[in-house]
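Each in structure tokens, the structures are laid out below.
What follows is chain A paired twice: with chain B in the first complex and chain C in the second.
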Partner chain A sequence: MALDIRRFFSTTLLGGYGLLVLGLPLAGLGYALLGSLGLAGPLAAGFTPRYWLALGANAGLLYSALFSTWVALVSVGVSVALALSLVLRAQPTLRRWPLPGLLYVPLLLPALVLAFCLFQLLSGAGWLARLSYGLEWIGSPADFPELVQDSAGLGIILAQVLLTFPFLTLLLQAIYQESRLDELRQLSSTLGASAGQFRGRVAVPLLLRRAAPTLLLNFIATLGAYDVPLLLGRPHPQMLSVFVATRQQFDLRELPMGYLAGFLVALGLLALIGILIKLTRRHAL
Partner chain B sequence: MLEVSALAKSFGSQSVLRDVSLTLPAGEVLAVLGRSGGGKTTLLKIIAGLEAPDAGTLHLAGHDLRPLPPNQRQLVYLYQEPLLFPHLTVFENIAFGLRIRKVANGKITQQVNQLLDELDLREHAQKAPHQLSGGQRQRVSFGRALIIRPRLLLLDEPFGNLDAQTRADMQQLFLRVRQQHQMTAIFVTHDSREALTVGSRFAYLEQGQLTTFASKADFVRDARTNIQQEVRFWESISRTEN
Partner chain C sequence: MHSRLLIGLLMLLFGLPFGLLGLLALAQGWHFPQALPPAYSLAALRTLGAADSELLAGLGRSLLLAGTVALLATAGGFGVARAVARSRWSRQWEAASYLPYALPPVLLATLVQPFIIRLQLSGSGGGVVLGLLLVALPFATLLLRSFWSVQAREYEQLARTLGCSARQAFGRVLLPLAWPLLRTTLFQTFLLAWFDFGLTNVLSVGKVRTLTVQVFSYVGEANTALAAVASLLLVLPPALLLGLNRTALWRRPG
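Let's turn to the complex of A and B:
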């Protein structure tokens, strides 16, 4: 009897959890697909492929996807480079107070707060622009270079790097210690490897392979970031989440297009997660 | 070939090595017996260049070793654990020393395959380290050291983590490889039986002071090595059985 009750509870819990993590997203995905075909949503008027056909003529989504990929690649790339150089070249500093504690600080900041601070600091009317004007480095605040809401996404990239690199540094440092890289460095040197050869042939490949699943997850999270690009990005080009949200929230006529964009973005991210799972299984260390 | 003279090393106020001197001719294996914390690892690390001595001299084939960084000494230090590179296959682990010396690919394949055969590892060449047993990993570690033809091999209790049978097998493998490659080595152990099996010369290190012995008989006779006591123990067991 007790066993039956336990089995009932575990089955119900598992079913409920499955519904939450798989059922709801799949239902959302299905609803978005139906909405993009004119079969669901407030503008549903029967099956129509016109929104899908219009996709070919509208480069907005593609442009947004490319812009997001650029921002995610550069943000994760710069964060990894910074974290790697700290872990491989500043071991004594990383083990000594206060750096390990300071690395936790950006992790406590909500993304929106950091984005707001950067906006205050770097915008045309921000503190740095006023300071530069006050020191007569620039003729007027308008001469201050565009560092936020710029076309290359520099502000978004800076915010993402500030949010990501401390976390990656802590992760790579944990892998460094767990993989006994200090001992591997000594061993490599007695085998004849220079410091550069140890970094290039042992430390970097080992750290990156062990961190690969987290790096890919980070890339996906940056690709789908919303708060930071909303504040530090431009109306054009927009990052994917902002692009989809804009179409779903502000213009009812664009809603089916928003559904379509949301459907395609979710499908793309799911494909990336699929690759991540495969990579993790194949290259587990 | 190797000449160590008046070597001293302290960490803070603790003296780890005191006036250590030894001479090791080419092709010989010096077995250094000693308890944990006696300074054995520090001695090997100083010879390898991984620690700097406070005093004393180190000469290999007449050349002063002290100005040379570890990667230019061609002395391989083997840890108690095999410490294989986890992201490389068995083949690539063994090939490591040749790859960093930019040896041609064909030559690398030929030399690594030869060593894989010698160490009975050919069928495991493409495996990752985590797919091997403890003894196999230690053999890969040997192969990785031997391939660069080190002038001196420094072994820090290399079989300490293996079970008794694998340990005995590895000792035999070491003897075979030593003969084949005319290896010169310092083999540190806390097991007197292992010291007697692998060594051709003998020393005892206690509280940073090294005693070298002129013969195996002198080594066996020294009370600190505990060998006589162990012999008496097994004799008493044998008598009880009879």
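Let's turn to the complex of A and C:
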């Protein structure tokens, strides 16, 4: 009897959980698809393919996807390079006070706050521009190079790198110690390998393979970043989350297009995750 | 030498945002091209002491929301993780728990928004809590899944064999054993909700003015002093948590 009650409780709990984490997002995805076809939402007036057909004429979503991919690739790439160089070239410093504690400090900053700080630091009238003016390197705010709200997304990339690389350094350092790479380094040196050969052929592949799932999650998180690009990005091109949210929030006439963009981005991200998970599993240690 | 240079450089890099926030919170009439504020004032900080302080209300709102989400997600996640561990489809449930991660929080919010509106929760704290739980509950479940191993079941069975009731085995054996992981989950889910801006802003249509929403709103109004004070308030709880427990800030489910 008690076992039956426990099983019933477990089943109900899992049912409710499934409804929340699977049911609600999938229902949202279905609603977005119906909304993009004119079958749901406040502007629903019967089936119409015109929003899908309009995608061909409007390259906004494609630009957004390309821009987001560029930002995510560069941000994660630079963060990984920085973290790897710290872990592989500054091992003694990484184990000594104050560096281990210092690397936790950026984790205290919400993305929005870091974006606000970078805006105050790097904008045309920001602190660096004021220092440059004081040193007579520039004559007006307009002379200062565009580092935020720029077309290449430099400000967004910088913010994402500052948020990501300390975390990745802590992660790679933990893997370095767990995998006893110091002992492997001594072994490879005894067998005649140079320090560069150890780094390139042993340490880097091992660290990257073990960190692959987290790197993948980081890439996806950067691809869908919202807070940082909202403050440090420009209206065109927008990153994907900003593109979708703006179309659903401000203009009711853009709502079906917003549904379509949300549906396609969600589907695209799910497909991308599926492919990347398969790849990381295939190449896992 | 290289080591000191590296430490100095990182200290400068990581310390700069905090120093800048402090200056912005205290500065008065600080305009281009002045490199440092011409005068300092506690006016922005004093707004915290005012009876109708919007910032203080935002701090309370953020603490209440993040605290509620952390408690619900941790307690719910503990139960769900146990059910997942004992389910025949354990691996499938774990895979399903990653779905909310696959989608950026803002995208998730835009997808579920029509249902939040139907439930008449749009623009309310309840809608925001539900939206945040959509991310925090699976996160807690994945984090706590590692506790419900064969060993935990054996401990429970041992306690029952020795005469404990099911409730006693849970309260006196399993809960103390799980406490370190539960504490980490509580911290992490609190931070997840505390740091959130996009999901809260979309689901509440800007009506639930948490601290992150206020930072964005003050930045939009070019009120840098209040934006800086709100930002400093946002940094406080994570700094306290860092002092208490480092793993609270960076442990990830895996």
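Observations, loosely collected:
Convention: the second predicted complex is superposed on the first by the 277 of 285 C-alpha atoms of A that agree within 3 Å, B and C clash if a C-alpha of one lies under 4 Å from a C-alpha of the other, contacts with A are read in each partner's own complex, and residues count from 1 in each chain.
Just so it is clear, a residue touches a chain if its C-beta (ideal position, glycine included) is under 8 Å from a C-beta of that chain, and two chains touch if they have at least 3 such contacts.
Predicted model, so just to flag it, every value in this text is computed and none were measured.
By the touch criterion defined above, A:R95 lies against neither chain B nor chain C after alignment on the C-alpha atoms of chain A.
Of the two partner chains, chain C is the only one touched by A:S241; chain B is not. Once the two complexes are laid over each other on the shared chain, residue contacts for A:V105 go to chain C alone; chain B is not touched.
After overlaying the two complexes on the shared chain, residue contacts for A:P205 are found with chain B alone; chain C is out of touch. Touched residues of chain A, counted separately for chain B and chain C, are more numerous for C.
Using the contact criterion defined above for the overlaid structures, shared-chain residue A:K278 touches neither chain B nor chain C, since it reaches no partner.
No residue of chain A is contacted both by chain B in one complex and by chain C in the other. If you check the complex, the residues on chain B that touch chain A are 48-50, 69-77, 79, 83, 85-87, 96-97, 99-101, 128, 130, 144-145, 148, 154.
Across the complex, chain A is touched by residues 2-3, 6-7, 10-11, 13-17, 20-21, 24, 31-35, 76, 79-80, 82-84, 86-87, 93, 96-97, 99-115, 133-134, 137-138, 141, 166, 194-195, 197-198, 202, 205, 212, 215-216, 219, 224, 227-228, 231, 234-235, 238-239, 242, 246, 249-250, 252, 254 of chain C. Within the complex, the chain A residues that touch chain C are 2, 10-11, 13-14, 17-18, 20-22, 24-25, 27-29, 31-32, 35, 40-41, 90, 92-93, 96, 98-99, 101-114, 116-117, 119-121, 125, 127, 129-131, 133-134, 141, 162, 166-167, 170-171, 213-214, 217, 220-221, 223-227, 230-231, 240-242, 244-245, 248-249, 258, 262, 265-266, 269-270, 273.
Only residues 179-180, 183-184, 186-194, 197, 201-202, 205-206, 209, 285 of chain A touch chain B when the two sit together in their complex.
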